[in-house]
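What follows are several structures.
One chain, chain A, links the two complexes that follow: it is found with chain B in the first and with chain C in the second.
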Partner chain A sequence: MSIVPQLVANSIIAGAMYTLIALGFTLTFATAKFFNLAHGAFATVGGYITYSLLVQAGLSPWIAIPVGIVAAGAVAFIVHHTVFAPLRKRHSSNMVLLVASLGAYTVLQAVIAMIWTSEFKSLPLKTAERSIEFLGGIITRTQLFALIAALLIAAALIIFLKFTRAGRAITAIGDDEEVARVVGINTNRMMALVFVIGGVVAGVSGIFTGYDTGIEPGVGMPLLLKGVIAAIIGGVGNIYGAVLGAFLLAVVENFGIWKIAAEWKDAIAFGLLILFLLFRPRGILQK
Partner chain B sequence: MSRTSKTLISIVVVLLIIWGGVSIYKKNTKPVITGPIKIGVMTILSGDLAFLGENVRNSAQLAIDDLNKDGRYGQVQLIVEDVGGLADQAKAVSAFHKLVDVDHVQYIIDGMTSNGTMAVAPLLDQSRVTMVTPLTGGENVDNAAEYLFRNGPSDIKAGTLPAEQLMSKFHYTKVALLSDNAEYTNDIAKHFRAAFKGTLVSDQTIAPSKTDYRTELAKVKTSGAEAIVINTADGVSSTYLIKQARELGIKAPIFANFIAFGPNLLKTGAAGGVYIYDPEFNEGSSAVQAFLAEYTQKYRADSPIRFHTTGTYDAVKMGLEAITSVGYDGTKIHDYLLSHIQNWAGYNGTVSFDAKGNTQTGFVLKQIKNGALVLVP
Partner chain C sequence: MEYLINVAILACIYAVLALGLNLVVGFTGLLSVAQASFYGLGAYATAILLTRFGMNFFLALLIGVAIAAVFALLIGLVLSKFKDDYYALASLGFNVIVYTAFLNLQNITRGPLGIPGIARPTLFGFHFTGNLSFLILSLVAVAIAYLVAQFVARSSFGRALKAIREDEPALRVFGYRTLHFKLAVFVIGAALAALAGALFATYITFVDPSSFTINESIFLLAVIILGGLANLRGSILGAVSLIVLPEILRFVGFPTEVAAQMRQAIYGALLVILMLYRPQGLMGEYKL
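This part shows the complex of A and B:
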């Protein structure tokens, strides 16, 4: 029995999950130009709100999931409005914004732990999980949905940024915020929209994580780090790059540990990041 | 230098020497305790393992209330110190000094993980304070200190028993081992590898902080393993392993340590049929069942780890018996435990301390059926 088909399937599954987190991160970074570490906490919020509505309130997934996604976007908006917007108004450096985002992440994580405790939680499925065999590899139904969602969200973001007025305004801000303001774009409102969209996409990531592997208050940071690596190697600020980087990272990680101990997985991921930073810092697809 | 200065300096030096001497004398002299019998507990009351520490604290207090119902031990005071998270050795040392130097405790119940126990072990012999651990039981703990006693299950048996039974009882000769890199699990894995006489077709160390073990499990699937042994230091990673193994269509039976069993695993729907090596305690005894029921009633929740509760009860009982027999002195308590805890009937079963202060309780094989652990005959 060959292991290769399963390694391919594992790479696709992991790539889909990394894509979801990398998309929101890339959008935020491309526009606001700083590493928003709180992005990982938005994913966690989405997962926990959905958990509460499904398990504690007993609501249908058709209600719980959309509310969870919207909640993640709402929290992202609040954090942007109370933390990042005032700092950006004062022309704070990217280092200050990074540190502030770390603070926001820590606060959100602590609040989540206080409300829901540190215990691991998983989102329940209405019916038993089904495994699907495809060309010798096995993925679950949840993982298939995550893959479809990742590709659809990536396509939707690309269409939004290219073909809508708001999307083009956001792209313009990412190119040069000062000029964008001068030509009449309401950069504050657009920036808020960027964080909401980023939060929403992160919420989707958190919900699929909750269904697939489960969540605990600290799940956001390791998830975000993989998204950051994917975004950097794919091409910082490039949505296509985020997708490409996510799947490349997943393939390198899974095939990288084929013949060696699995403990090397994270080392391989960060090793890949370092290689790109040294030899191709703008990533595969430059903006 | 003037004469006055020299005189002042000389006085200061003499005072420092006297102060040093008094400190050393105090350290070497056992305090004379009047007042309540003090039993110390060092345990984890914050972080992810807080449930474990709360269980030890609650069990110790309930044991005191139970044993001292008729006031035979006079006033007994439980002094609990939080040592923080999994590897907070500095906090463990600080907590020990507070118990011994400030509270003058001579008998301590250890509710820590082996990291904390190992940090404190040398101090036990230096201070000649007796500590009993119902929780940790690795080879390193067994040999760590003269004044450290173990009445919990032996981690050596956690490795050797599955190794022997997989071949003798189940006739599995090709086995996959998935183990994480904690001190506790490294110890168990070492003894498993030494005792297993078949072929380890897959032997992988996993990173406990991960959530995706599919590639590791893909290797197990293609290895031809007849059975899988999962050896983790926390229940979350074993839950992921078992769930993802079943999702990948791995049908080989899974044998896990007791840490794997819990509400997280049961929620996944993948728990049915998993074998668990559960620590041995006297669960057939009506007194034990009554004590566990009392725990549930008082604390409005079941004991999350029953053998910790019974082991803590035994540790409290041994301590009270020793103190009332020989007095509140760590050395005398140590000597009493070695000589008198022989074929001693406790809630963990009938136990005896060997020359190193360790009992020989082990594990029993159970299987998860309909959400409960059922003994495998």
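This part shows the complex of A and C:
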């Protein structure tokens, strides 16, 4: 049996996971214009809150998952309100915002480790995991859901940004914040909305990671870094770009480890990033 | 007493790392998140030369520094194409690649098993086996690193670095080849990191990849930002405070696991608070 169909299936699933984390990151960048590394921690928060509600409180996934997602959005809102909004008010440089987001990430990761310990935790499935044949390869039902969720959320974000009043206001801020303010857009409120949306999508990503591979407090950073690479090689700030970049990254990684040992996956991903930064710094879909 | 010496040695090692990194980040304005990779290169080179070839520590140290310098030159060549946040991201990428190499080049590094049984340094028949003598060696290393950094900072070369930080295109107009300056300072920073790595490997007498992750690079960034960018004494202050802090937490009675997380939480919070209220750090002369 050829290994290629399985590699294709793996690439698509990895692409879906990367899309989920890249979407929120790229949306934040499109509007606020800085690399928000705290984004990875929002995903971890979503995963752990859902874990607690499912396992420790014994609630149904129908409650646990939405609450986990909302919690991730809430944490994103709090971080924005206490850290990023004041910094932006002071017109801090991108580097200051980047370092502050790194600090916020470190705090969140440490707090999560103190609450839930550093142990590895998996979100339990109610019914046994089922395998599904997919383009000649085998994937799990969770992975299929992740793929559907990633595509739906990407589509929803595109529609939201294009066709709603708030979405267009957010796009306008991304184009030029000063002008947006002059024409009467409440930029602070819109910015908060962007962070909440980003946090919510990150929460979804964290929950799927919890079901698929399990989570530990430090899982947010490697997860986010894949999202960052996906967003940048796709064209950072661009929703289509994030999706495209995520799938390209996944394909390169999965076919890369066909020839090289799997342990080199992260090195392959960052090698791809550096190649893109050198030769096509604005990504596939450059603005 | 033995315990205090242990903390002091670690603070020295971090001070050397921080002094090197501050030249790159503080003086030149290049936000490098790759310092741990050169730290690791120095540590591994020393460890391998000592355990496999039985080389003298000081010779191994020099070779380790040279290896880190060569890698820094190559990596710096690529990084010099980037600015600000992209520089940070690309350097982080190199840190991940080097870490992955430590983990997977098993015939050289023994991968996750690490390299045990590294001998303590010897010089003219004198063995630095006791911790007190090792502390003296570490203090000498800090002094060397400080003098090198101070020489760089006060020379005309150092002034050119600060000018790159403030306005690189303008400096180019004046005919400076800024690429050479950026490469040179990056190599010096990496060489100091390798010096710290050699000390670390022989002090702990064991190296494994987990000491050289991006978290370590981020921690070092916190050290120099806390102490103060472009201020050398600040780097030493930052290293000492962030190394002593978790020890105090342990004394207060937190279990080791919680104390480690508290340390993370506190230095993360420090980064946020500094960015909000004092982006140049405690004694800094340059704001990010």
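Rule of thumb we're sticking to: the second predicted complex is superposed on the first by the 285 of 287 C-alpha atoms of A that agree within 3 Å, B and C clash if a C-alpha of one lies under 4 Å from a C-alpha of the other, contacts with A are read in each partner's own complex, and residues count from 1 in each chain.
Following the convention adopted for this analysis, a contact is a pair of C-beta atoms (placed from the backbone, for glycine too) under 8 Å apart; a residue touches a chain by one contact, two chains touch by 3 or more.
Note that this is a predicted model, so its numbers are computed, not measured.
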{"item": "Touching partner for A:Ser118 - first (chain B), second (chain C), both, neither", "value": "both"}
{"item": "Chain touching more of chain A, residue-wise (chain B, chain C)", "value": "C"}
{"item": "Partner chain(s) touched by A:Ala128 [first = chain B, second = chain C, both, neither]", "value": "first"}
{"item": "Touching partner for A:Ala261 - first (chain B), second (chain C), both, neither", "value": "both"}
{"item": "Partner chain in contact with A:Pro66 - chain B first, chain C second, else both or neither", "value": "neither"}
{"item": "Partner chain in contact with A:Asn10 - chain B first, chain C second, else both or neither", "value": "first"}
{"item": "Chain B versus chain C as contact partner of A:Phe35, first or second or both or neither", "value": "second"}
{"item": "Where chain A meets both chain C and chain B, residue numbers", "value": "118, 261, 263, 266"}
{"item": "Contacting residues of chain A [partner chain C, same complex]", "value": "34-35, 83, 86-87, 92-100, 102-111, 113-114, 117-118, 221, 225, 228, 232, 261, 263-264, 266-267, 270-271, 273-274, 277-278, 281"}
{"item": "In the complex, chain B residues that touch chain A", "value": "47-48, 181, 204-207, 209-216, 218-219, 221-222, 236, 239-240, 247-249, 264, 267-269"}
{"item": "Chain A partner contacts - residues on chain C that touch it in the complex", "value": "31, 78, 81-82, 84-86, 88-90, 92-94, 96-97, 100-101, 103-104, 214, 218, 221-222, 225, 257-258, 261-265, 267-272, 275-276, 279, 287-288"}
{"item": "List of chain A residues in touch with chain B within their complex", "value": "1-3, 6-7, 9-10, 13-14, 118-120, 122, 124, 128-129, 131, 133, 138, 140, 209, 213-214, 216, 219, 222, 254, 257-258, 261-263, 265-266"}
